[in-house]
């Protein structure tokens, strides 16, 4: 990042046994996607940023203002932070109509009732809920409620926008529309945005940068391309759909357990090797020919996966392989069957751990 | 269906302005996915099946027993229906620990405390939450809570299993695991399952048959292949990622508005034509050669879509086209630009409306 | 908690006396004396407002003796046929003007109560002391707008004690009991408004003999002495 | 009332009518009976024939009107002071909170007459505050209608505070967090989110408070005295009637009851309804 | 109490301590003052020197013990009958529900002495039910400790019912739906889901109920009489003390207060805490 970060935070917080310790910088206009498995601490991080969970240590500075500095006993309450939050479970005010839920923020910013409602109407329209404006939250479907929550957070035009899985309950089409709307909005947004999502596509489309947390710690960070190409944890590997293994590299070979894999890249020392399931070919017998990486394996499971089948394999390393139904039929794949797995060196990537 | 349906229902229910009218049959052991846009009435249908929303008309018969028959004034309350429900917003009992939430159902079925807990522990283990057993719902993350809700519904082993977006809050990896676990469970389940989801993949993997509702009515029904190949509404077309248009066919040609498209199939009368965005090729000038379907179009939007770019086009028909970044750079695609769109007849499918 | 069997009407030298709350001190004394004088007997009291006691008796309360603070209340009991004999007067009480100690307003008689700014508490006319006060004021020809019409003497007296009013018309017995806080000023018209305390043995008394003995004790010289010490006047011969 | 009807239907599956378990219906019915039977006893004893003439007595309507006025004002005062107090007890942690919570119940436990005395000791002519009020503003509260309101409010406020605090503790505080992230300060959050969310609890507390104020006797007569038209509320009239004339007292009570039951039943359900 | 402290901190951003808006703190403080000042007045007037000797009087401890026992039993009775009644009012729709809800407030509005008379008319030896009870079982309730419990329960039950109903109406009924889909009948749902969810409301109601029962005087003395050791509770003792000796009455009241405040403050927070 070249610009000084708009948001500069080191979030240290406790929740009973769980501990969060995440460093985070977001530039003005930047969108960062926060990804991680369930219980990794994403919501907790958002709560700390919003001021709903005070930091135990670290710091939180937004636009040059210290919002939370335990060491200086400084803490700005949520209502004085320029944030907007879409909560994972929406938290729409049950006693207010959808319109007034959205108008709530603008009202607090000083807009008069009719101006606030006008603005709210505009936002509801943008998320496709103009007709539901007069409904109360309990009269909304799940996806409608989530869009009201999104509109409510966007309507305050906050410096720091915190979105906790804002599209999870939307149907496929609405999701595309709403994502496009959000993308348009974020494109013109001068503040910082932190987006929690479980959908890599959402992250790739909306975010400039990904931040992966696990067990309350950042495990990987970078733009979509680098994260997709070089996953560093099993979670990221599964997210982007790669087989990932860790070993010791010496030039083009990486030793993983008892197996030595040949990779396209040159590395020395601790290294990761990654290859897509589609790159794994299965053979009834040891194949001859080009693939350099060949090992015997046992099928442990077969599942449909899009048009293909995803085959889980045990052996010197555990991998997933994608095969066409025709190939599967030919191989008569079933759990327990022994096969040979092969991956071309060209499709096997290695990088330092 | 050859077997007599385990569940036979005609759900007619009102919710203020919204009206539901859905016919539904599920055989023993069958899994039906209920899909539809937000507010289509999926949750309402589930509530009617569970007995939380009495029918205004129609009927509901499960395993030969009338559960709701307004005409005969017969209605069986929820607690006496052999159903299990995963609610869209979980509704975990806030005062009970995760373990006791899951043990609640087995207890009601007569298991003693330790047996029920044992069973609950097994289910929590299966959804990967053995460690969180002693937490209260407020101490769980969103995805953890959803898995507890799933475990709670499965633990009663109901004849009719109703799942309202049971995987929406799970991270990518956990989602695969949980889906696999669910698939395993449903494979051995002798009852009927109705699964609401917005993820076509979930539906394709888990369900034997899809049921699409819109505005409270069934608009399409069938197995994954037929639905994917022949979408009948815009919603379904977007769900499966096809361009869909309706017109009048006469042999291999279909007239859509002012445009006449040539399709691979022979149809006469009202017909749909569908083709994938990837089949749409863009050209700076009118192309010569094989594509039979060619028309001038205006670019209205360009978005990243996976590795490619998705281009929205206006013109005689509105379509989406997927192009590689290289092609896009070559064409200098930007909103407002005029291009020629071309689709091969072989990739254009027509079927009766 | 005590046993749950209703006391009284049990016979065996037990007497249950329903007595007006204003007799609490004197009757407690008298009861103890009676028990001492008649070994083996036991006197149980139920002190409350006379009218509440009358209601209880008419609803079948287990009472042997009823001592009321006014003949009117007694009449509701005798009128309902609950009495075994006709009631007799056990004592009489006379009104005084109670003023805060030291009499800061220099009140000497009823006419002083009408001075501008003087706040006066009377009893409501429904209760004996109020009726008596009305009689006395009428006799004196004094027209008075009180600040309050109290439900009982204690209420009126409390307001004097706390300085909320400058004077109140109360019974002499009550003024005497509060002598540390109030001064009692006798006035001439008070002998026109004297209240009788009647007592009677009830029909359903379990041990009528002991009950009568208690009534006799109250009306004995010893009993009278206790009553007079508290400020009561003896019944008219 | 159709509770028995409901019970009968519970046996077979009924349409829409929720089945009521006997284990709940039985105690509920008993409870209702216990509350209502004494009323039946009173009704049976009421001298119906003389009712019109008693109602026509001028003092009765005055007392009734005064009762309704003062009880309503007292309730307002209680809501104004009591709801914030309940909020403080439910939402702000401060040392000694448990003690304060217990102190709030003092007027409940204090015999009302003693409560009246206590009020006199504070607000009376010679009281801690009263003497200052008198000297500074020439205001005296005893023997005035304002005094009645004060006495009723003192006795009735705990009901409001405790009921509202219970409701606040049952409400989900995360809505308040959501309001804060939208820029609502604690006061706005309180008025725009918290209060509407606990409206049923506040309504329940206000009903308790109003009814208790309406029936207040001991503290009122002790603090404010009893003067027709100024401080004589219905309960005071009832007590005095009790001294001489039980049927009259019963009739007066029944009038008070009828009016209050009618008012409470007439309040639209939504006042007490969930949001 | 550190409320002022809290107010001072509100001005600058403080760590963790939630800022309390003055608009809430002021009325809350006023309300608390209003409730507690009279107590201060009483304390100032109490004859402290004679306290030990008064406490030593045998009747006092007996009356105190009886008060605590009967108030607790009355609260139990109220919870047993009142919670189901509140549930019925909040969760079951039946014709006339609004009237029933208003009727529940009857004992609140009824002057307690009249309430006592009403109880006598029903449960007295010559009452509607009492005569039958007496003839059939040889049970008479008036003038017994059981009668005290009955009178206190009659007067205190509305507090419980109304507070619990308010809590029930504020609670989300969808948890009960979830329980039903898991096979829980209405009774199980009530005991396993509804009750735990509204526990704070029930606790608040029970506190109100207990405190009111502890302070009950009018109905008790009328229905159960005033027998030391059997029916003479503290408020009755206070009443008699008032006849002769105001300071004694104040001391007795303070003893009652201290004990009840100590008990309520001693109840662990979680009894009143949200789940």
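A few points about this structure:
When the chains are written out, they are named A, B, C, D and E in that same order, and each has its own residue count from 1.
Methods note: a contact is a pair of C-beta atoms (placed from the backbone, for glycine too) under 8 Å apart; a residue touches a chain by one contact, two chains touch by 3 or more.
Keep in mind the model is a prediction, meaning the values are calculated, not measured.
Summarising the inter-chain contacts, the pair of chains with the most C-beta pairs in contact is D-E. Residue numbering at the subunit D/subunit E interface overlaps substantially, since over half of the positions present are found in both copies. Note: centroid distance subunit B to subunit D, computed from Cα atoms, is 54 Å.
The distance from the centre of subunit A to the centre of subunit C, with each centre set as the mean of the Cα atoms, comes to 87 Å.
One simple way to say how far apart two chains are is to compare their mean CA positions; for subunit A and subunit B this gives 23 Å.
Subunit D and subunit E, compared by their mean Cα positions, are separated by 13 Å.
Shared interface positions of subunit A, i.e. residues touching 2 or more other chains, are given as 77, 80. Within subunit E, contacts with two or more other chains are made by residues 18-19, 113, 117, 120-121, 127, 185-186, 197, 239, 242, 246.
The set of subunit C residues touching two or more other chains comprises 52, 55, 158.
Against subunit D, the residues of subunit C that register as touching in their complex are 49-52, 55, 72-73, 76, 119, 121, 124, 126-127, 146-151, 155, 158-159, 162-164. Residue ranges on subunit B touching subunit A, taken from their complex, read 15-16, 35-40, 42-43, 88-89, 132, 139-144, 147, 164-165, 168-176, 180, 183, 198-201, 204-205, 234-235, 238-239, 301, 303-306. Contacts from subunit D toward subunit A in the complex involve residues 174-175, 177-186, 188-189, 192-193, 196-197, 199, 275. Of all the residues in subunit D, the ones that touch subunit C in their complex are 117, 120-121, 124-126, 142-143, 221-222, 224-228, 231-232, 236, 239-244, 246. Across the complex, subunit B meets subunit E through its residues 50-52, 77-81, 83-85, 87, 91, 93-96, 104-105, 108-109, 152, 156.
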